[in-house]
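Letters A, B, C and D name the chains as they come in the text, with residue numbers starting at 1 for each one.
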């Protein structure tokens, strides 16, 4: 905080991106791909372990001033990863398909984003099992297949796997950081 | 079957569409919408009850000659309804968005469509809970919101709810009809 | 109801035992045992389909005047079937063990019997999958193994399977009958 | 290992009890009880995160020479914690009831202990949610209620909560230690 007690833009950025932004220039190796799949596999259990003891009041706290509530973060992960799974399957079955982005901020305001988090934890358990079953069986050629995101551009599946491994860790860290700060 | 023991095109059609095709001309009333939501809510339990006793061999049988295996039907329902849920949320957060169709026949050949059906049964349980939570909270204005499907055209949410109620029943009936025919 | 508008004891009995009491004298055949296992397998899906559309208010209605709420019935099924599963495994690993009964009426008053029904629906899904995996692999000799219930006496596993097939249907029918009566 | 390449009894003990045995003399405080409940709540997610990436071959490896396979450990946790939950509810509804122990080594040889671990992971998710709902609502008087274990003696619920928090961590650590040793 600065001298007037406000959060500086730098502090906001640190709260928002606790593990940094995804770095599209990082080299993608066979080893880093294996780690990315393992991270995708482990995420639902880690998220569950991180939030299962929280009360409804705690789940409704924002992870940072002005940010989503923990509840919205959890439902967002289910929404985002369903979209991701679908994009990857589109890339596997069509030639560089242009995928449909979604307005994540507006989705987080829909009524289902206020529901019981257990539902999205269960959804993530099942979704990531299917996702990993898919990823574990891709050939090197398939990892090079791409989808086209209207904003972020042509994305090979190998990069998408890294992005979503990062994305899961990104939000889990937001949750864990609030828990630590609040001493829950 | 005709005299040469083959299945006639009419019989194929009956096996494929056991409850008929979805009739886009049917009137959509408040009562039929309530029934559609209830059908979406009840589907995962009905599907589970219909398939849970089947062995892996039985799950790998096609529901009709030349058709998908029961396993593929179950995984298809998870895929299709994730796409449907996403389309409906797109319609709620954008103006008549053009949604991205998917090649369902190719998706059914991907490795995750050969996995344990329990995963997709769990996914459907959780997905439909969230879906119904969304649908139960829509206003009359929201039910009129639309997405644009490149092939089937502009679709209001009220119609989409009817279509997916039909779609769940359509595939559950395929499964149940095979069970009955095989006396499982 | 009688002329004074009260429910007669006979009507109470019919509401309480909508499919009758379990008949311990019924012959146990290989076919009836197969049916019992299938009924145990299908129960969680049927129960889920029957209750998933109900609101919290509806779930808190008693299934009959003075009886448990639907919510208590659902949590009772999870409690009862965990106990049943444990009893059957005791019988398979000890010689006619005397099992520990439980006070089901008091259990239904504990705080966890007021919780979200989705938890017990998930528990039943998983528990019955493990249970059926066990039952599907028993030898004819194992089906004759017994546990000793302090009140109901020595019970072979084959009879226990029939009892719990009945028990699931018994409570599902209570739930469905209230739905029908209330036109939910 | 000693000079002949065998594992010494001390090493065996360390592999078997990686966090030590439960110490019945440890003081039970309000803070340690809160930690115990949190540990019970977090265990299913931690276990899931630890095992979800493992192949069937890896799951069938013993956690120590001559010990249970990881698969058996996972199914044992579901069995053990169902028994624990039932014992605690017996203590809450009867006066110091004598509970029925079970032969855990024989249970681990039954056919359901060879099944898909996802089933027991799901069962643990749901069971621990109900369990924590129960524990979170106990009064100080209820925490003093007891069950009588024929071998380990009279056990207050507060101690039982500590024992099962230890028990979950005990087995999770066995699993994690094998992963680390094998560099999985």
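By our rule, contacts are C-beta pairs under 8 Å (C-beta built on N, C-alpha and C of every residue); 3 or more make two chains touch, one makes a residue touch a chain.
Not measured: the values here are computed from a predicted model.
Asker: Quickly list, by label, the chains bordering both subunit A and subunit D.
Answerer: B, C
Asker: With over half of the numbers shared counting as same, classify the subunit C/subunit D interface as same or different.
Answerer: Answer same: the two copies use largely identical residue numbers here.
Asker: Between subunit A and subunit C, what's the gap in Å when you average each chain's C-alpha atoms?
Answerer: 41
Asker: Could you grab the centroid distance between subunit A and subunit B? Build each centroid from C-alpha atoms only and quote it in angstrom.
Answerer: About 27 Å, centre to centre.
Asker: Going by the touch rule set out above, which residues of subunit D reach two or more other chains?
Answerer: If we look for residues of subunit D contacting two or more partner chains, we find 118-119, 122, 125, 129.
Asker: Applying the document's contact rule, which stretches of subunit D touch subunit B when the two form their complex?
Answerer: Subunit D residues touching subunit B: 116, 118-119, 122.
Asker: Provide the residue numbers of subunit B that touch subunit C in the complex, in ascending order.
Answerer: Subunit B residues touching subunit C: 37-38, 41-50, 52-53, 118, 121-122, 125, 128-129, 132.
Asker: Once bound in the complex, which stretches of subunit D touch subunit C?
Answerer: 75, 78-79, 82-83, 85-86, 89-90, 92-94, 97-100, 102-103, 106-107, 110-112, 115, 119-120, 122-123, 125-127, 129-131, 133-134, 136-137
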